[in-house]
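Each chain carries a letter (A, B, C, D and E) given by its place in the written order, and its residues are counted from 1.
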């Protein structure tokens, strides 16, 4: 189990810096917003929390299809399925490895990018906290989507399509946790629900994803 | 003896053996003089106070950041046309220096921006262009890191560098079209009467020269170590083949 | 130890491919599956390994006793030969990779990245993976593809050693492996005829509303 | 050459509706903005042109890695390289096929999505026109990125990192072509440059991408 | 028509794999490449096909006369057998796919999607692709992998027919194909020794700055 996670992290690092890439993508997406909507800092500050959350979510999305696809293609998944590991554990390990290589760096970097969008000062802490609480849910939900689409040749887009709707609650409560603070309101409900969603996905998703994998392998 | 002789890695290494002490000494001298003069022996600006002294870091690093990319463009072309390994490795060696200079320019600029414009960051075209340059550097470095075979990596990064240059150039104009900014225009041009006051001008020029030598020293060193690395990997590969 | 398969049905997608497959293999023996292309050897092996659903029938062995090696070797291109083996050894909770490295003479290649292997070298790595699983029953789908004659001989010895330790092997192959003690099973005899009771959409009761 | 394009379109259609998926992704990304940023129509109207352009650009991005990757993996690319077609032509065909399956549907759908974001009325025509002029450039630039990263196992994120910076001028002039009209200014310069960029990529990119492909195949 | 290769060098990544490869093949004959795993057969074939850079030496044939078939068959899983063949026929500007379909008895499978083929059926499709290229020189890398004995015989007949039409074939294989007229070339003799002048990083002059 630990071996699996070790290998996944190793592979992510070998193929040209797993950590760096999703970060760079995040940076660029955030940078694109002023190019698209214009440079006025009032507007940017207004939309900053939402944009940071959407950017983090999209960066997460982009690396999802690699969670199982490569293992499927080179036969590792078949072999893992016959190995003495519960498939649920494999799924959970994959999700954790994904979070470590994408969610975690995004969380750490988000406050810095908030800077570029003139995020009001009160927002920094909560951007960090809300992403720390919310990105694990993104990784777990994404793992589920990856498990469902693993057999498909051009599954990338379909995967996004399946996963994005699942991300909506996380996005709403995540962004609210920040905007409310910026607007001087209390964000405790939003944040509590966000954390609850994360815990809920940890408990539920490994079983659903393992089930989907079993269907796809045979 | 033609200049292309030094495209042989071994000769290049020998050449740098003799060059490096001189460039190192020059760097220490010029940077030392320029920065010490700039920081401690110039008056405070009447408008900007002592923050003006950031100029001695900001301007040289900003100039280098751009020009290092140009150097990479040239060496990339040399590699594509004449396939001289040192040329490709020099481009590879320069990129991390370029990205560091870009970051220094961004950071010193941001620190300077606070007192000057009241904000650390604004989407001013000049600053934005630097952000874009930073991203181009990142892509270039990531591509080098991602490809296993060194010649393939050299080819692909060179192609990327050329196409990238065209679009980096376009982006610069795009950004100027998109937003009129705060940043000041060129103030170093020699023919213009209104360049920065002489008290700043001379130490600034000295520290720019120091930075350039610093860059040359670093590139030579890093290219050398890239050559060493290539040789080691080639030897190991030969070993394994038996 | 004996693996007994009784009246097994195998399907691929919508269709039943094999019906009534029955055979048994004793510990220490090998079974060679033969049959023309498309006769269902791969399908049968995957069903035995639990990678495809069985369509009726019974398999007397738990899945945990089986090790499967198919066309895809499960090799990660960016990891070295030794790292690949070590990973599978860890997954199967098996101790060392030394025996596996020695078997196919992989030591000189141990630190080479798998993407720099030739087709036959990759296959050798894929086969030596079997040794780190520690499983008694090997299910092998065309194991000697891309192997040169010397490696085929080594493979023969590896199987023989495994059988001598009381293991079993079921091998689908088109070429002669030179395993003297092996039995041969021709898969073509189990080819499914049209009727397929597990698929309700092929139910003959449908016939009457085709022409009402 | 035509055969190649026919096959590409056929494959896109067979694998679960090539057209539909990128559209759906576009829809979801645009829909996420109100979730992230909040529902006030003034703010949304203000940022609508930019968001539509960024959304279109990201939808484009998501299908890029399939342009050459599958052909590379199953050996088709090797065989095509030995076929009596110039590699430059192959690249151009691939880019056109990509545009037909993503850029074109996005262009047609964008005005409808503009509606969801309260895009001011004057904007509709120009959202359509600017995307029609700009998305071909996105497809061509993307093809270049795909050609560079084709040999890499986990090239998806790297591909985005290489391609996104190249998209900046297109994005800026594209978004400006709309915002300027909405703000009552003249957009003729922006639109002319946008069209020029597209034409420029048609002329330049096939050669650069073919060169990259040759390097990657050998 | 004659294909002459003189003093060809082949490399893989950093390293030279083969040196001084020289041989010639006349129209109407086949050449079998032999050599243990990792000796460089694939590398040589890819170099001949122009898919890998030649490291010195000459090949007398233009690339436009060559058709290459390697481990990967270039088959699209979502297209049917007939559609796959038709695509390659169109690309090579060749008229019909009927002969190709008939050769390996693919007609019954013509409308099946390629992803529903067995390993051997896929390989048969990959080989019949050669017929629609209309190219005179075939470069085949382990063509009989996964084929059953009957298909191997058909493959032998296909090659014989191609040679009878004045074509040539260069085939890397580990098994006996039963082509009587074919010559055999052992690739192991061309194995590159350490020295490699095209790689300046292996230059011996480096030695003196290791220990100054």
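Keep in mind that, in the parts below, contacts are C-beta pairs under 8 Å (C-beta built on N, C-alpha and C of every residue); 3 or more make two chains touch, one makes a residue touch a chain.
Please read these numbers as outputs of a predicted model, since none were measured by experiment.
Undergrad: In terms of touching chains, how many steps apart are chain D and chain E, taking the shortest path?
TA: So the least number of steps between the two chains is 1.
Undergrad: Busiest chain-chain interface by contact pairs, anyone?
TA: Top-ranked chain pair by contacting C-beta pairs: A-D.
Undergrad: By CA centroid distance, what chain is farthest from chain D?
TA: The chain farthest from chain D, judged by C-alpha centres, is C.
Undergrad: By mean C-alpha coordinates, which chain is most distant from chain A?
TA: E
Undergrad: Take the average of all CA coordinates in chain C, do the same for chain D, and state the distance between these two points in whole angstrom.
TA: 44
Undergrad: Can you work out the whole-Å distance between the CA centroids of chain B and chain C?
TA: Centre separation, chain B to chain C: 57 Å.
Undergrad: How big is the gap, in whole Å, between where the Cα atoms of chain A centre and where those of chain B centre?
TA: Once rounded, the distance between the two centres reads 35 Å.
Undergrad: Mind pulling the chain E residues that touch 2 or more other chains?
TA: Touching at least two other chains: 13, 71, 77-78.
Undergrad: At least two partner chains per residue is the criterion; list those residues in chain A.
TA: Counting only residues that touch two or more other chains, chain A contributes 11, 15-16, 21, 24, 28, 35, 38, 73, 153.
Undergrad: Enumerate the residues of chain B that touch no fewer than two other chains.
TA: Correct list: 132, 135, 138-139, 142-143, 146-148, 178.
Undergrad: Where do chains touch, given as pairs?
TA: Listed in label order, the chain pairs in contact are A-B, A-C, A-D, B-C, B-D, B-E, C-E, D-E.
Undergrad: What residues on chain C touch chain E, complex-wise?
TA: 12-13, 35-38, 42, 71, 116-121, 124, 142, 145-152, 174-175
Undergrad: How about chain A: which of its residues touch chain D in the complex?
TA: Those residues of chain A that touch chain D are 11-12, 15-16, 18, 21-22, 24-25, 28-29, 32-33, 35-38, 43, 46-47, 49-51, 53-54, 57-58, 62-63, 65-66, 70, 73, 152-154, 156-158, 160-161, 164-165, 168, 171-172, 175, 179.
Undergrad: Would you pull the chain B residues touching chain A in the complex into a rising list?
TA: The contact residues of chain B facing chain A are 119-123, 128, 131-132, 135, 138-139, 142-143, 145-147, 178-179.
Undergrad: Could you please specify the touching residues of chain A with respect to chain B in the complex?
TA: The contact residues of chain A facing chain B are 15-17, 20-21, 24, 27-28, 31, 34-35, 38-39, 41, 44, 115-116, 118.
Undergrad: Over in the complex, which chain D residues touch chain E? Could you list them?
TA: Listed in rising order, the residues of chain D that touch chain E are 2-4, 7, 10-11, 14-15, 73-76, 78-85, 217-218.
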